[in-house]
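Across the two complexes that follow, chain A remains constant while its partner is chain B and subsequently chain C.
Take a look at the complex of A and B:
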């Protein structure tokens, strides 16, 4: 009976042919980008699922946003768990993206024919950080509000599109109730849609292009069942980690924004600490530019370098590898300095 | 129409150009500024024999107000207060400080110069201005003070130029007060305006630095009223400020409760005792209205009238108002024991009331502790917090009901308060049970996840083994 049903569905869905193709497809038996990429997608899906649930009780209104989060944690069944998973998964999501990027960079997987995969990945990093960041604004607590102000002001110093990005984030020239609306719209609509599209393109590209630079040089396994089972085990582990964090380390809700209160210390999320640290410790003027403009300009140059990387990297040259290592070290040092 | 419009435009342009030209002209010196510190002879025609007050009175009131409203600072054509020119630069500290204090005070205004109080001729920048013939007084006397201040502060026309909210009845109220009466009778120890408000450094009473600000009222009054020797001739005990500091009012005030009454909360700052207030009891209902209304329905109200006692003071005291829960009960120093040392039934009621009050207070405290603990554990319970607030309201209502001495009615209030407390505790317990369930669920879920993980690892090993004999 069960066999009949399976056969009925397999014939109609074409799963048999798909599985055959996956059985035939070989991937390295162990590859960091593969697993970190898989974990990123898993965490993304986890956040889409919990995020959709959180959209139901959340209120997009400066007067009641914070109270609605208190209600989610205090009254909604499993609300505390959902919010905990969503918040912790966002941190792990950014961390997994960074690990993925670092591993691709160090293993030099961005090279031809993977240029498009690399470029889509860079876009995904931007979208992913944007997702995590806009999420910190939604509780409309003091830190989120200050973040919306400080970080958008900083982005406004960026070259060419700075002013546009700032207005887009703020929903006007100043931080107003519309800023919360924009953050919500980006967080739940624009960015998830963009991320979904980019993830699909990115994954299809990975799948289409052979990621193996030199087939036969490393031991390989078929995508199905070997890699699928291992990936499933990794996802179960990540899920257990997220749920443990969500259960035992409560994410603070923060005090509701009180515009009469004196300006407090803004604590940016850890993945943006480096930029704040750079701007904060720089002299006020560098080469005739305000330090924020200079730092944003320099970061844009790093971005341009990353975009051009697959095209300027020559086989045999190790310079790009060293540049990548230096960038990772600088990022780590700045973050560590800001934390300590 | 177009022609008239053109005319309007042309005239506007002409007006603009004209105003620019006029502004570009260097301002013609009206009168040579006297060099500070250097005493020069007065310009011959620069000394009309008018005081600034008269000059101010001559100013067109409406024009003046309009200028103030538009935020334009009225600049007199000539320095009407040359006193400062010299006094601010004098080496004699005593003579300089008064000018410095005035320059920082609320009176610093062209329309209220030094001469407003000291007379003399402020338009004369020489020592001649101090001539006795100009009416100059160094130090206005104690008995003149109220009249001096009242000269302006009783005049609505003058006062309303500066503030629409300044009262003009202070002097007349002061004369009705005991302070004013003994001052008029020649007692120089009695406080007059400057003793509370300051002399040259007068600030508006709303300024936190003003000695007469309500925040400093207790300190200000204590300067005399806590001094036993100073108060002895008047038969005043001088213990009131200390009693007030020990009272619920004083403690609440010290904790930063701006609503808590300080001296001026019951004693009118200028009039002292208000009409019809033989006892302070007549003032309590300005804040404690419910308590008074309920008290008037109680058996106490009739008995107190019969015995000639005031309403509130016999139980609560006046300056030393204590916490309400300490008033009731059978302790030797309790309010009830004062009259009912042997009466059977009243003592029974007193004991019941005291038990109810302490019961409900303990309940409220218990709810607060439970909520604090829960919040520390990351449990947010808006419903329980709302119940805590209602619990507080219920206790306040119970305290008000005590004034009726109506035991069944009190029982109702207690039942209601206890119901709310039970509701709050129930909500906290429910949240804790849910948290415990969540934790159990977590361990079950993680257990299942570990099992799944192990199974997947075994499966991975199995497929790898199955492939390896035939694989590459």
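Take a look at the complex of A and C:
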């Protein structure tokens, strides 16, 4: 009976042909970017699923946003688990993206013909960090409020488009209730849609070509069933980690923001601490520019370097590799300094 | 996924049919005559592009509205209940402002937005100064940036006592 049903569906969906193609397709038996990338996609899907659930009881309103999250955690059945999974998955999501980027950088997989994959990946990092960051605004607690303020002010320092970016993020010139709406719209609509599209393009670009530059140089396995099973095992491990964290390590909700009541202090999430440290320790002016503007310019140059990397690093030079290592080290040191 | 070859097919069919070679060129012209197909292709893609540009403008404006709020005054409470040497936060619309009563009884008001990255500053009664907790910026009670990253003084606001109430307003 089961076999009949399976055959009926397989004939209509064409799964047999697809599985045959996946069986014939070989990938390296072990490759760090392959697994970190797969984990990024898994964590993204996990966040889409829990995020859609969380949209239902969450209220997009400065007066009740914080209380609605209190209610999700305190009253909605399994609300605490869903929010915990969503929040912890977002931290691991950013971490997995960084590991993926670092592995691609150090293995120099960005080189031709992978330029577009690399650029799509950089764009995905931007969208992914934007997703995680806009999520920290939604509880509309002190930290979220100040993060919305500081980040929009920081990005608004840029030339030409600065003003546009600032109003886009704030939903006006000032931080108002509309800022929360904009953050919510980006977090639940714009950015997930962009990320879905980019993940598809990125992954299709990776798999469209034969992924092996030098067939036979490394041991390979077929995509199905060997790689699929290994990837599934990795995802189960990640899921176990996320659920454990969500169960045993609560994510603080924070106090609803009250501008008249208290001294507001803010710390960005760990992945942006380096920028916090840079703008916090800089002198007021650098080279005649307000230091925040200077820091934004410097970070943009690093971004530009990353964009240009596959086009600079074509011959056997190791200089770009060293620059990459130095950047990772600087990021680590700044983050460590901010934490300690 | 697809194989390496199947995406490349379909690149060369259909487009840019070569000019018919039964015509004898009358004079050596530097550029070939545009065909009807070329003309239509340019006209259609040009129309599509301009439609795209024209529809982008309203979308961009829609996404990033500007325009200030109307409410520009705030009430910091009764004058006789405002202790000397204390500070209070007031909201001008959604913008936070800081009112300080000095030891001589006079009031000072500043925008509470740090000139560095717009964190909300706070008055410190012990240290007699205005501090921004985000990046450790410090201002004097005159609003002058003293230390830390702030590049300029706090924006000064007008502050007056009307019918016993301390009223803050944008200048």
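FYI, the second predicted complex is superposed on the first by the 336 of 340 C-alpha atoms of A that agree within 3 Å, B and C clash if a C-alpha of one lies under 4 Å from a C-alpha of the other, contacts with A are read in each partner's own complex, and residues count from 1 in each chain.
Criterion: a contact is a pair of C-beta atoms (placed from the backbone, for glycine too) under 8 Å apart; a residue touches a chain by one contact, two chains touch by 3 or more.
The structure presented is a predicted model; accordingly, all values stated were derived computationally and were not measured.
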**Asked** Looking at the overlay, does A:81 come into contact with chain B only (first), chain C only (second), both, or neither?
**Response** first
**Message:** Going by the contact rule set out at the top, does A:146 touch chain B (first), chain C (second), both, or neither?
**Reply:** second
**Request:** In the overlay, answer first, second, both or neither for which of chain B and chain C A:171 touches.
**Result:** second
**Request:** Give the label of whichever partner, chain B or chain C, reaches more residues of chain A.
**Result:** C
**Asked** Should A:284 be classified as contacting the first partner (chain B), the second (chain C), both, or neither?
**Response** second
**Message:** I'd like to know which partner A:247 touches here: chain B for first, chain C for second, both or neither.
**Reply:** first
**Request:** Considering only the touch criterion stated at the top, classify A:208 as touching first (chain B), second (chain C), both, or neither.
**Result:** second
**Item:** Partner chain in contact with A:122 - chain B first, chain C second, else both or neither
**Value:** neither
**Prompt:** What is the shared patch of chain A, the residues that chain B and chain C both contact?
**Reply:** none
**Request:** Name, in rising order, each residue of chain A that touches chain C in their complex.
**Result:** 21, 25, 146, 149-150, 153-154, 164-165, 167-168, 171-177, 204, 207-210, 259-261, 263-266, 276, 279-285, 290-292
**Item:** chain B-facing residues of chain A, complex
**Value:** 67, 70-71, 73-75, 80-81, 221-222, 225-226, 229-230, 232-233, 236-237, 239-240, 243-244, 247, 250, 253
**Message:** With touch defined as at the start, can you tell me which chain C residues reach chain A in the complex?
**Reply:** 1-2, 4, 7, 60, 63-69, 88-91, 93-96, 112, 116-120, 122, 133-136, 145, 148-152
**Request:** Could you please specify the touching residues of chain B with respect to chain A in the complex?
**Result:** 378-383, 431, 438-439, 442, 445-446, 449-450, 452-453, 456-457, 459-460, 463-464, 467
